[in-house]
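Comments concern the structure below.
As written, the chains take the letters A, B, C and D, and residue 1 is the first residue of each chain.
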């Protein structure tokens, strides 16, 4: 069975290590904040200038001056810091954020990512995504393995305009977790009940399958 | 104190000197920390042909979005736009030009502009449409692109408090692009919620030293929230 | 909190991993805002062949000057040196190499190093010995030289207070180079006068966010004054 | 009569305008702070990270964490701000400081300045001088017109290694005030009792004397 959005987020959260500084993109990545494993503490960076993003505010706590990068009202956690956009991206560009999780349209076996522009459609902009993929040490992409027409999003080469090159380490889709290295997708885990064959069928890029591929554990 | 007293009493005074075809750098992220009254004054002045540098362009009817209504903006330099229908319409019709710039590069371009750094290298955007036509150079085996800094004829900034000398502090995440914008204007105008006397803000807590600031005005703010999300208490 | 608790209890732990021939970036201006105890620990460790990046090199017997006594420094990157006789002696005898760097360029090199900017252009030093051998490029008709950023294996920083997460504030002009140094170390160690709990420093007043900091130690400081000048009350 | 150090500083201070941000170098420039004309307020920038330098502290006010760029104990004036060295030189390099006053070994008619290095003598470093001359809008050099051997310090071309090029606007010496433009020294004022002839003799670079040259007024 393909994973739900929540399940993808849960699997992402298993990658978090105690004491990690993490930037979560809009959508599924943001959901991962709800599944941080017990006994582990992480700090969430929001690129508009907040390190230590807390939960959404209660009605009484709502403050127009306190938002996240998705422009939603938020709170600050204990020990948070707030700073300018230049400082925020100094952190990001300088490689100080440990993990970045973001969505994508396509990823290819060179670790390239396309996530911001579909020619012919209105382009709204890249926001901070290009800085994040250029700067983070460890980038996890979350997306469905194939689009709604069944076309693979894990390609030999991206077809859409890129967000960054040679930057993606890990992909967690509704079907599998994969690592990119040596110009190939290495299958690490499969979603419970999903066969290696289905993953092979839906992966257009070079796929390496070594030994038995375990199922994800939740 | 006269020489350093930067407080002006009207929006007209605050934006005096702004003319057609100038470049205006604006602080703010979405609708958070935007100089609402200064934007309103630009609308009232009716100047056109503006190049506006700001992370976003407001929404329909609020923030920088109101400058689209009378087609005052010729070119927008931003990282994320299209939160409003009018923007989309003018973009598609070719009335409005957009230069999309990665958010961190945009912040750094403003900072560099204010700091006398004409250009810098960054990995951001290398190998993407953003890098097209830009010089590529390797440092320690990694390719980077050359990005030039930005300065403006005017910078419009929203701060929480400023003293009469123009020393500013920002409130929470309403800081965002405001400190960099403040450094990058030939004329920098700061709109604040409260004006205090020099000395009231401790020297080490000042986030924008007054040397960057030319005019200070006390504004009143609606502070519209773009996406209110709450949890139950 | 365990994962973010950066407080260590000994200088040995604070500087663990420092070995011969590493690059150490040090905060401080003259003897103001220097990590006295961390420098002392480097002396005790006896590591040699160090490249030290700091605006100055202390004085005889105090600050970075004590690392000269056992010839631990191979190369000094600084804007102003020679406040001590030993430095002069080692320089003239060729035991010590010096790379003189304009003060603002030095600050910007550290900031750029921490911010993922590998190089930037500046007018500072163009046409002078500092510009020799560096690329010159014109922007808007003015010549600038290309300067590369600096990072270190270690950064040693002096802050006033830090919380357990490594969020720092500095006191008065003891800030100086410390915030930039903090961003530019592979391992950044902060020596403070007081350790507080997370949340005690208001988020917007934090000058170095903990993300840059690996270890925090409570030190004790002599705070020697280089040039005491007073007026009658 | 050649001006004393204090008189040079007095003449420098006459150049200050109300509301100016000023950086004063070590030596004579620092003395100018004592002669700011009445009714005028200026703010002094100290490049180690202080804008709004106050007087020296009383014995009770002495604080090791409060020093100026000359490493002397100082105080902060009302409305001062304190910041990092990167911010301080962003101000300087970015042209936000209105006036910089500094000493020099030599100045030439192209506006070049040599102030930090005498080959053969131990070089202690340029500190912030190169940044200051590259960044300030208006630079005033103070020095004696000639060295102790009577050799002019106002040259056709500097002989010592430079601190900056094409950057000096104005020179105030013990004999005269001059402006540099169009590749020449324009004599603006002479010290009381000093003849134009003496100034001509002691100026090696191209000197332009237009009309009557007034004496400085104190």
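One rule holds for everything that comes next: a contact is a pair of C-beta atoms (placed from the backbone, for glycine too) under 8 Å apart; a residue touches a chain by one contact, two chains touch by 3 or more.
Each chain and its UniProt protein: A, D = CoA transferase subunit B; B, C = CoA transferase subunit A.
As the structure is a prediction and not an experimental result, all values here were calculated from the model.
> Spell out the chains that contact chain C while also contacting chain D.
B
> Under the document's definition of touching, what chains do chain B and chain C have as common neighbours?
Common neighbours, chain B/chain C: A, D.
> In whole angstrom, what separates the CA-based centres of chain B and chain D?
35
> What whole-Å value do you get for the distance between chain A and chain D if each is reduced to the mean of its CA atoms?
It comes to 55 Å between the two C-alpha centres.
> Just curious, how far off is chain B from chain A if you go by their C-alpha centres, in Å?
That pair's centroid distance is 29 Å.
> Going by the touch rule set out above, which residues of chain A reach two or more other chains?
As it turns out, chain A has residues touching two or more other chains at 50, 76, 82-83, 89, 92-93, 134-135.
> Touching two or more other chains, which residues of chain C qualify?
Residues 108, 111, 115-117, 122-123, 171-172, 175, 203-204, 207 of chain C touch two or more partner chains.
> So with touch defined the way it is at the top, what topology do the chains form here? Options are line, ring, star, complete, other.
Its topology fits none of the listed shapes; call it other.
> Let me make sure I understand the interfaces: which chain pairs count as touching?
A-B, A-C, B-C, B-D, C-D
> For the complex, which residues does chain B have touching chain C?
Checking each residue of chain B against chain C gives 108, 112, 115-123, 137, 139-140, 142, 144, 148, 169-172, 175, 203-205, 207.
> Would you tell me which residues of chain C are touching chain D in their complex?
On the chain C side, the touching residues are 29-33, 55, 78-82, 88, 91-92, 100, 102-108, 110-111, 122-130, 160, 171-180, 207, 223-233.
> Please give the residue numbers of chain D that touch chain C in the complex, ascending.
Interface residues on chain D, with respect to chain C: 46-50, 55-68, 70-74, 76, 82-86, 88-89, 92-93, 112, 117, 122-131, 134-135, 161-165.
> In the complex formed with chain C, which residues of chain A make contact?
For this pair, the touching residues of chain A are 17-21, 40-43, 45, 50-52, 76, 78-83, 87, 89-97, 134-135.
> Applying the document's contact rule, which stretches of chain B touch chain D when the two form their complex?
Where chain B meets chain D, its residues are 1-4, 111, 113-117, 163-165, 167, 183, 198-199, 203-204, 206, 209-212.
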